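Some structures are shown below for you to check.
The following pair of complexes shares a single chain, chain A, combined with chain B in the former and chain C in the latter.
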Partner chain A sequence: MGIDLKIAWRNIWRNRRRSILTILAIAFACLLLVFMLSFQLGSYADMIRFSLRIHTGHLQIKADGYQKDKDIRKVVSDPGAVAEILQAQPGVADYTFRANAFSLLSSHDRTYGVMVSGIDPQREARVTTIKHVIRQGAYLSGGDNNEAIIGNLLAENLKVGAGDEMVLLGQARDGSVAASMLTVTGIFSSGQTDMDRSVALITLDTFDRLYFMRGAVHEVVAVCPALGDVKPAQAAVQKALDGLKTRRHLRVWNWQELIPGLLQGIKIDFFSGIIFYMIMVIVVAFSILNTFLMAVFERTREFGVLLALGVTHGRLTRLLLLESSFLCAVGMVAGITGGALITLYFQQNGIHISGASEILKSYGLPEVLRPRLSWVTIISGPAVVFAVTFLTALYPALRARKLKPAAAMHAA
Partner chain B sequence: MYRQLAWRNIWRNPKRTAVILTAVVIGVWSMIFLGGVMAGMYDAMIENQLSALTGHIQIHHPDYRNDPVVEYSINDPAIVANALQRVLPPGAVRADRVRVSAIAQNARHSAGITMVGIQPEKEAEISFIGQAVTEGRFIKNEQDDYGIVIGRALAEDFETKIGKKLILMSQGADGEIQSRAFRIVGIYQAQMQATEKAYVFVSLPAAQDMLKMGNAISEVAVLLPDRGATGQVVSALRERLPQNRYEVAGFRELMPLITAQVELWDTFMILWYVVIFVAMGFGITNTILMAVMERIREFGLVKSLGMRPRQIVALVLMEGSLLLALGILIGNLTGFASIWALAQRGIDLSVFAAGAERFSIPRIIYPTIHMSDVIRANLVVLVLGILVSLYPAIRAARITPVEALTKT
Partner chain C sequence: MKRMILITLCMMLVPGLTIAAEPSAESVIGDALDQMRGLTSESVNTMTIHRPDWERTMTIKGYTSGRENSIFWVLSPPKDEGNGTLKQQNEMWTYNPKVNRVIKLPPSMMAQSWMGSDFSNDDLAKSDTIVNDYNHQLTSTKTVNGKKVYVIESPAKQQAPVIWGKLRFEIREDNVLLKEEFFDEDGELVKTMDTLEIKTMGGRILPATWKIYKTDVDDEYTLLVVDEIKFNIDLPANLFTRSALKNPPR
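Moving on, here comes the complex of A and B:
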């Protein structure tokens, strides 16, 4: 075997130019796949995190029917009991409560319909990133204080800034009118157009009083330590909730159910990416098939001599496959190294697509994209390239099995 | 003579030529085909958006698009109508609208929506709503003061149906909150659920009356017989309408997000062409290089017989070009054929409807052929292909008779 390795290695370099071009083709495919997969998977991770951590969370517990129709009367009436269940769950890292009502918000000269949400400022800050996207003024301080923070687009529409007053008009849980003066303490910019345009946040205590909630909330939002924990946590929490005696049955929703478009959109993008990569790999395969073919056909006489000297057909095939494996291995190492280096560079420095921040925002992506190198992205692309290259090399190698020593030695 | 010589040369080793031809064909096919799918996708996106109340041109108060409120209305529609009359080519249609955000409310539900006051007959020629009413009737031309047409998704959310009441509230021209009770006369269906939830339609006079606007309007939408004439008509209108009082915008400005998205994908497609080309470029160079190296003696011979290096380069380049031309031809034919086959039924993304909607991709994509894309793809392959065959060609030209003799 040792001698075969040596022979194969030397055979490759008998035709330097051809081998280098072949290695470059393989390296190019590997490099591109490592980078592109890191880029795609990195963007997906960002997209999911960005979309979930700003508001949605991983799990939400709501009364039956509330998800479809945000009726203020469909409440979680005993949030304390739900909290106890969540507290006991190792798969739940933290949780917070919210209550929502669609209401009118008026400034001095403008009126808009918005979703008013009551949040627990301390808990909310542990579950979502809203506290960190305040662009002007301050975050909610807590207690029953008629403070509000609103999105930057809504602030523009209403023509208000921090410190200004607004009038809120809505319908309370019991059907009575909920009306109050609110002071804008801060303006947030989440990057999600819907939220920045049509959401106003007040403290849960204020909400409870204005909308006559009597301690009830509409959703309990929970986050898990990792995305992988979501499904098991959901099942466990649902089981515990089913045992709870409440007037309305409570249901746990996971993020895929809460934002169905997110995962599907990612799937569309991923599968279309796969189609593109498969086509590229096939083109590369045909591109290098000639090298393997020629390496066999132009050496017919040589093989005849080897066979006449007693080299078995099996050994000859093995030798040829060894040659192609060497070519492939060198190309893969070069491609993976290059791809990893490029990926790491952009992972550090980020990719700025000039003028595309609005589009990225509409996809739920931050302005700077970062590919993320992982074992999956390093190995999966090149593994496919290796498999396809090996299959490509198999055909000419097997052809060599059919050679008859005498006839081969007489070949031109 | 070169061509004949080159043509015969490439078929001296048919298997090798067939292999590299396959690489070129697959590469070119994928460029044409995927380019066609992408083109079909953004054609549909643009068309959807155009028919979703955009039209080719819109005229507004200069501040309206930033801040779409009743305060920024066109108060003298007659002047605009006059200018349009003079500028619009025959076959163009236009419609006046009131479009403001409002709150819809019934006994149990309320939500933010966009109220659109329309001229039913003209609107039907411009936007999707004319054909979209699937239940009940459309807004009538005259005296439809209380009829309203809403989207199916909104009707479901509101647990309501035809004949029921729906109250709209919005800020009027006087700054006060105005409201009016409408009766649902029709329900429409749109491509995207978001559209069905966002827009409700009433008659233009009803909207003007409710918001106390007099005869003011929010916008004029224009649909031209040919999308390509947009820029021309826009500049003609801008000359006639003072810019400090009217803003005239073409569809590219009206949908900046989709325009930018299409541009981004376009850039991506060019990158993809280059990537595929590089993948086959290695093979092209290698194959021609092999073809040259195994003919060293032949090149040495013709050179010693007096063939100039330049002629040898030309011969090898001709071989490369013929190979490329053949590959491009077959690639184009298969590309067109597969686009045509798929265009009959379209690529159905309904399984991913929610995801497609999130990325504003149409639910069914009908691949189509944009000649400019096809030409671009072919040019990339041909120009770069000849460029990479230059290396083996020059190598062949450098072969000296002595080198050829020493080579067995």
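Moving on, here comes the complex of A and C:
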């Protein structure tokens, strides 16, 4: 075996240029796979964290039926009891209350239908990032004060700025007309187009009075310490809620149920990535197949001599497979090292994609992307490359088994 | 030979007779609408919104002129008194006395419910343009209580700015609208309006109680009762304007 290894290693370097090219092809494929996978998975993690912290949170507690049909009467009537349950949950980091109503907002001569949400300014700031995305004016100060903050696209549509007044017109919980003048105190830009175009936030106290809520809310939004805590926390909270005696049954929704589009978008992107990787691996496989086939054709006489000297067909095949394994191993080590180094560099420094920030925003992505290196991203790509390369190398190696010593020695 | 002539005559006459007996679908619908509105009308209506755990009753004063213009104000409950809605052609405005503003309803709000009822804003705004926005076809006739009832199916015209895919009417031969059904683009029944009571009011025979309900929910409906109605009265020329909306007549 020792001599075989030596022969295989030497054989590789007999045709230096071809071997280096093959190694480079394998290395490049591995490098790209390591980096791309780290980048993709890293940006997914960012995308989920970032977009959930804007508004949705990890868990939401709503009355049965409210998720499907946002009827103002489907309320969580005793938010205090829900708060006690959440307080006792180690899997819940913080929570806040919201009440929502689809209403009209009108400036001088422009009117838009928007989702008006009543929020608790202090709690909301702990749960979501809304306070930090105020671009003009100030965040809500709290209390019953007819203040509102609106998205920048809505502000553009209504042609209002901080300090301007608007009219709110909607329907209260008791069916009466909810109407009031509101003062725009601030304008936010969350990066999520839907929210920036069609959401107005007022204080929960103002909402309670205008919409005659009598202390009820529509959503209790909770965040967990980490994404992994969401599922267990959901189960625990649901169990506790089932024990509550309320007129409307309360249900906990996790973020995947609340915005299924987010996970679906990620899946679609991931699968299109997979297709790209498969094409790349196939291209590499063909270049390797070419190298190995050429080697066998060129070296037919050499193999004939070896066979004539008493080398068995099995040993010859093993020799060829060893050669291809060497090529592959060297390429993989180089590729993984290079890929990991590049990934680590960008993990530290981030990737600024100028010009694409609009697109990123619409996907709820931060403007700086960071790949994230993990064992999964290091191993999985190169493992596929290795498997495919080895399978490719099998064909020429098995061909060598059919050689007859005399005929092979006479081959051109 | 005489017999032959007689038969031929009969055959020529019979189809002619049936055509003469069946008016066009457009005119059946137009007549039914005109029957309810007259040239002008003034009415007091009670609207009851019923939900499984909740009910609310409002009194509404309304004026109409022709097929295009209408204006309504809420009389009670006192909390909502003075809230008004003005409709001119396909446009709608709403007025709230608390903020003293007239607001034009944007197109995006037209599918929303009017005053929390099962009527959409669109139902009110489009209620009388249905004659033009849909193709009407008389599909069958039936006899109910000795009176002939026309069944008319009306798919929306290709370019018409309407939210329904198809409407289906049942109209009695004396121009009383008995039933209106609203279908979406896929032909699914979404909403039904039934006439529960027919009365002679203001000298006309009219649907006096309407029940409107969605297909997919139980125990939710809106009841609209016409309490008083007068037809063809003189209305001030400036009644159907935005400034009038701010000043409901006492």
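One rule holds for everything that comes next: the second predicted complex is superposed on the first by the 322 of 412 C-alpha atoms of A that agree within 3 Å, B and C clash if a C-alpha of one lies under 4 Å from a C-alpha of the other, contacts with A are read in each partner's own complex, and residues count from 1 in each chain.
One rule holds in what follows: a contact is a pair of C-beta atoms (placed from the backbone, for glycine too) under 8 Å apart; a residue touches a chain by one contact, two chains touch by 3 or more.
All of these numbers come straight from a predicted model, not from anything done at the bench.
Asks: Clash or fit: how do chain B and chain C relate after the overlay on chain A?
Replies: Overlaying the two complexes on chain A (C-alpha atoms) leaves chain C and chain B clashing.
Asks: Which chain, chain B or chain C, ends up touching more residues of chain A in the combined arrangement?
Replies: After superposition, B is the partner touching more of chain A.
Asks: Which partner chains sit in contact with A:Tyr112 here, chain B, chain C, both or neither? Use first/second/both/neither.
Replies: both
Asks: Looking at the overlay, what does A:Ser176 touch: chain B (first), chain C (second), both, or neither?
Replies: second
Asks: Quick check for you: in the superposed arrangement, does A:Gln264 touch first (chain B), second (chain C), both or neither?
Replies: In the superposition, A:Gln264 touches chain B alone.
Asks: Mind working out whether A:Val167 is in touch with chain B, chain C, both or neither, as first, second, both or neither?
Replies: Touch partner of A:Val167: chain C, not chain B.
Asks: Of the partners chain B and chain C, which touch A:Leu104 in the superposed model: first, second, both, neither?
Replies: both
Asks: Scan A:Val376 for contacts with chain B and chain C and give back first, second, both or neither.
Replies: neither
Asks: From the superposed pair, tell me which chain A residues show up as contacts to chain B and also as contacts to chain C.
Replies: 102, 104, 109, 111-113, 171
Asks: Using the touch rule from the top, collect the residues of chain A that touch chain C in their complex.
Replies: Touching chain C: residues 73, 102, 104, 106, 109, 111-113, 167, 169, 171, 174-177, 179-181 of chain A.
Asks: Inside the complex, what are the residues of chain A that reach chain B?
Replies: It is residues 15, 17-18, 21-22, 24-25, 28-29, 32, 68-69, 71, 102, 104, 109-114, 156-157, 171, 198, 260-269, 275-276, 279-280, 282-284, 286-291, 293-294, 298, 353, 355-356, 358-359, 362-363 of chain A that touch chain B.
Asks: Going by the contact rule set out above, which residues of chain C touch chain A in the complex?
Replies: It is residues 49, 51, 53-54, 56, 77, 79-80, 83, 94, 96, 98-99, 101, 103-106, 108-109, 112, 115-116 of chain C that touch chain A.
Asks: Along chain B, where are the residues that touch chain A in the complex?
Replies: 15-16, 19-20, 22-23, 26-27, 30, 34, 67, 69, 101-103, 108-112, 157, 159, 169-171, 175, 177, 256-257, 260-261, 264, 272, 275-276, 278-287, 289-290, 293-294, 349, 352-361
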